[in-house]
Amino acid sequence: MADGRLSEYRLQRRVNFYETDCAGIVHFSWFFRYLEEAEHAMWRAAGLSIAPVADGVAFPRVSAAFDYHRPLRFEEEFDVVVRVAAIGDRSMRYDCLITRGDTRIATGTTTMACVVTEAGRMKAVPFPEDIISRFEVASPTPS
Amino acid sequence: MADGRLSEYRLQRRVNFYETDCAGIVHFSWFFRYLEEAEHAMWRAAGLSIAPVADGVAFPRVSAAFDYHRPLRFEEEFDVVVRVAAIGDRSMRYDCLITRGDTRIATGTTTMACVVTEAGRMKAVPFPEDIISRFEVASPTPS
Amino acid sequence: MADGRLSEYRLQRRVNFYETDCAGIVHFSWFFRYLEEAEHAMWRAAGLSIAPVADGVAFPRVSAAFDYHRPLRFEEEFDVVVRVAAIGDRSMRYDCLITRGDTRIATGTTTMACVVTEAGRMKAVPFPEDIISRFEVASPTPS
Amino acid sequence: MADGRLSEYRLQRRVNFYETDCAGIVHFSWFFRYLEEAEHAMWRAAGLSIAPVADGVAFPRVSAAFDYHRPLRFEEEFDVVVRVAAIGDRSMRYDCLITRGDTRIATGTTTMACVVTEAGRMKAVPFPEDIISRFEVASPTPS
């Protein structure tokens, strides 16, 4: 982190009962929500909110992906590290690493756009400068 | 049903994998979503939608409850019957029976209000007549 | 709390994005999960886990209910207080109060049974003494 | 489909209220559940079930990804087409196309492994022949 710009965030979390499925492990769809929790916590740490704002700017997903290495089970504690991987004119990309102690659980990535909604239709626009200026791309060395 | 007014609706459903938990059964929070699915299907059958409308009228829950009799498991087929239990000036109440074949799985109830949001604050108002006129209270005899 | 028995637990929480719905507020089904999070945290504070154990004892819900007083919105912070309301031979009941600052958001209750599963069928049994002995009914004065 | 082998499946679906978020659209995590619903329906159409079986064989995800092209909103009807993209010795891959009428909503993919759990640890094994024999890789021409 240089001059107050954020490039990564670590969220500590515990598996809730309702996040597991009848195979006895966390359902794979939940990892995308874990990523989002860490991402939004990073935005709050940067003094921002992802909440839709007055002038109609919103940040929909363009893509999202996870590779699953090991399962998570009920009540296990784990870390979600989200890192800024790329900042483009009209998109931002995050990488995500989920670990339980020294065990790699899952690695993910997501890209989001910046849009305004006009007449019920989303249109891509550049990210506002006061958002972009709060982040910088993380160094390639994992934290 | 008399003169086109709806008083109940039956939804047929199958348990999805992501609705189960690590105890091997459907998580209890899902029954409230099953009820809501049947309720919204009943509104569509009545030519209505529960979606927030232009003039800001919305239908938040006032209360919701379920008694659980038997568990549901992955891939089991079940029925959700929702019935109009009471229509008041500013609230509607539904009862709900969930069955798998002849087995009673759960019985529930929910009450919803009609509100408009002014300056970020919800205020109760009477249900619009063109909504109320589509429903009538179900007879006490279960379907 | 006397001689180490727990009678209530307070969980601090923030609304996640995926807990909201297109009416702009937390979906009513989530309050049952908030209650469960606080309940399981209370079990952990008592040195216990609700996870299904080796001898097949499990704790399914018998009933669950919430009254909704005010909505919760994205990123709002709130408290979930769960209190032991009754300890019976084969059931335990909790009450739950959800607040945001001084504002009462919702009040709930849930009852759980203790069962063993034999030949795929649940059978009610008394709660194990080493579980019951960790809890006591909360005094009627709210915390 | 040749000699009874399945290579794709089309699921028709409608957006439920609880699948939307406060941005007014379906939350991106739900697309992974839509894919899974279609996948499990394809297994049922093939006379199979993904449910964990007696000898402990299970089918965890190795990876999952979606690209999002257009949003989905409450009560919209859409199709989920899942196609067998690859059948390997120890993994199967599906592609997924979600459409609303002629509009492409999202494209996804997922890979699953076949494992047995020994001493609490998952170990990859070949897919049972009576599962593999029910599927074949879809032709590259989209349906």
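In this document, chain identifiers A, B, C and D correspond to the written order of the chains, with residue numbering beginning at 1 in each.
FYI, a residue touches a chain if its C-beta (ideal position, glycine included) is under 8 Å from a C-beta of that chain, and two chains touch if they have at least 3 such contacts.
Everything numeric here is computed off the predicted structure, so don't read it as measured data.
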Using direct touches as single steps, what is the fewest number of steps from chain B over to chain D? 1
Copy pair chain C, chain D: interface residue numbering same or different (half cut): same
Greatest separation from chain B - chain, by CA centre: A
Winner on C-beta contact pairs when B-C is weighed against A-B: B-C
Centre-to-centre distance between chain C and chain A (centres being mean Cα positions), rounded to whole Å: 29
Any idea how many Å lie between the Cα centroids of chain A and chain B? 34
Taking each chain's centre as the mean of its CA atoms, how far is chain B from chain C in angstrom? 24
Multi-chain contacts in chain C, i.e. residues touching at least two other chains, fall at 17-18, 22, 25, 29, 33, 36, 51, 74
Contact footprint of chain C on chain A as seen in their complex: 16-18, 33, 36-37, 40, 44, 49-51, 74-75
Contacts from chain C onto chain B in the complex sit at residues 22-23, 25, 28-30, 32-33, 36, 51-52, 58, 60-68, 71, 122
Which stretch or stretches of chain C touch chain D in the complex? 17-18, 20-22, 24-25, 27, 29, 73-74
